[in-house]
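Take this structure, written in structure tokens, and hold onto it; I'll ask about it next.
Which chain is which? They are A, B, C, D and E, in the order written, and residues in each are numbered from 1.
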Amino acid sequence: MLIGKVVGTLVATRKDEKMEGMKFLVVRQVDVEGQETGAYVVAVDTVQAGIGDYVLYATGSAARQTVLTDRKPCDGVIMAVVDTWEVDGQVKYQKFAMGG
Amino acid sequence: MLIGKVVGTLVATRKDEKMEGMKFLVVRQVDVEGQETGAYVVAVDTVQAGIGDYVLYATGSAARQTVLTDRKPCDGVIMAVVDTWEVDGQVKYQKFAMGG
Amino acid sequence: MLIGKVVGTLVATRKDEKMEGMKFLVVRQVDVEGQETGAYVVAVDTVQAGIGDYVLYATGSAARQTVLTDRKPCDGVIMAVVDTWEVDGQVKYQKFAMGG
Amino acid sequence: MLIGKVVGTLVATRKDEKMEGMKFLVVRQVDVEGQETGAYVVAVDTVQAGIGDYVLYATGSAARQTVLTDRKPCDGVIMAVVDTWEVDGQVKYQKFAMGG
Amino acid sequence: MLIGKVVGTLVATRKDEKMEGMKFLVVRQVDVEGQETGAYVVAVDTVQAGIGDYVLYATGSAARQTVLTDRKPCDGVIMAVVDTWEVDGQVKYQKFAMGG
């Protein structure tokens, strides 16, 4: 999985019938330091992620292993909302600031 | 999924028998700002996309999850025509201009 | 799928038993303008492509969806010989020149 | 598979129900010399790897071929802890120094 | 498939139970001219390849289509030892030199 930041939404009325009712989010990939990279993915959301959330997303056939996306022409899915991650002993991101 | 712009067509008479009757479109990948990148894919069209349309396309095994492409040697499929997307609160693309 | 140009052949006597009798072609990836890129793939040929032909090739699990490659340890297959493609209204390649 | 170094952990409380109980590790990809590259993956750990360990990780559908990750929306798994590797006759890494 | 050169070995005692008995080789990817690129893969060997051999390797789900790797968390397999390949009419590599 990769870490991404939800930065937008995408609407598509005309789509494959299997994709009816799917919510598409635009997700920018971030590096382990939390910096946005140029890469992105449009992913189906299965965990009620919101704009600004840092999320974990899976691509490829893994993206069809949720109840919502089973057997759908979908190659990107958000499968977790990140609370925190740390690298080399340093916290790189924390969803809720302490005392907040 | 990634966002692409349909920029052309491709014709191949001699092809694997499973691909008979498939329509191939040339799709340039765009970034989240809507700018074309150097990357492209030749995809099977399942949603009657036209030249100039912005579309969502899926690659890998996801490209076989439509009725049309089931069990075909196909690794790229257009599964939606994009109406609009926005990033960081700004509309980056809108299929029909307001008042149009 | 991506567009490639068949530029060579590869011979491997000692190989997985499932690959017996397969013909390997060396395929250089081209961009939508028809220019060769540095990328390549060694693909199984299912459509009798020849040296110099422009072809469509599929990678990943799609490469096992032909009768010839079913359940084989093969991740690249040529599934069509390209006749012509056009981008932005311009013909980028045509297999047989007019009047030829 | 690729070689990676486990450099951190990631916590995600809200996640797809199939991912309950999974432990996520942040893994930096290394090259064959053992140097860290910019690439990373967040992987499920199936072999009790620790921070600082060099590991082998698999991506894509291979990541679902362990008992722990079967049919899960998971595209990265650590499936081995590396003891040593050598390239061009030189040992590039050894988990336990001699005499240690 | 891609062409690689076997440059080393990797040992991992602690690994997923499905990977017991597997032999891991470090394979550097080469371009069509035979020049080593920076990319590599750690692959399971199914054809008794040796250090210095040029091989064909498959990645992704194709890597599980051999008897040895069936249903294993393995995303890279060596499925052939290359004898020779040629590009643009020139032999780029030949396993046994003539007269040797």
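We take it that a contact is a pair of C-beta atoms (placed from the backbone, for glycine too) under 8 Å apart; a residue touches a chain by one contact, two chains touch by 3 or more.
Bear in mind that the values here come from a model prediction, so they are computed numbers and not experimental data.
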Required steps from subunit C to subunit D (each step between touching chains, minimum): 2
Relative orientation of copies subunit A and subunit E, as a Cα rotation angle in degrees, nearest 5: 145
Interface residue overlap between copies subunit A and subunit D, same or different (over half shared): different
Separation of mean Cα positions, subunit E and subunit C [Å, integer]: 21
Separation of subunit A from subunit C, taking each centre as the mean of its C-alpha atoms, in whole Å: 34
Sequence positions of subunit A contacting 2 or more other chains: 60-61, 63
Chains in cyclic order, anchored at subunit B, direction fixed by subunit C: B, C, E, D, A
Subunit D residues touching subunit A - in the complex, by the definition given at the top: 7-16, 18-19, 24, 26, 28, 38, 40-43, 60-61, 63-64, 71-76
Touch list for subunit A against partner subunit D, complex: 1-3, 31-32, 46-48, 56, 58-63, 65-66, 77, 79-88, 92
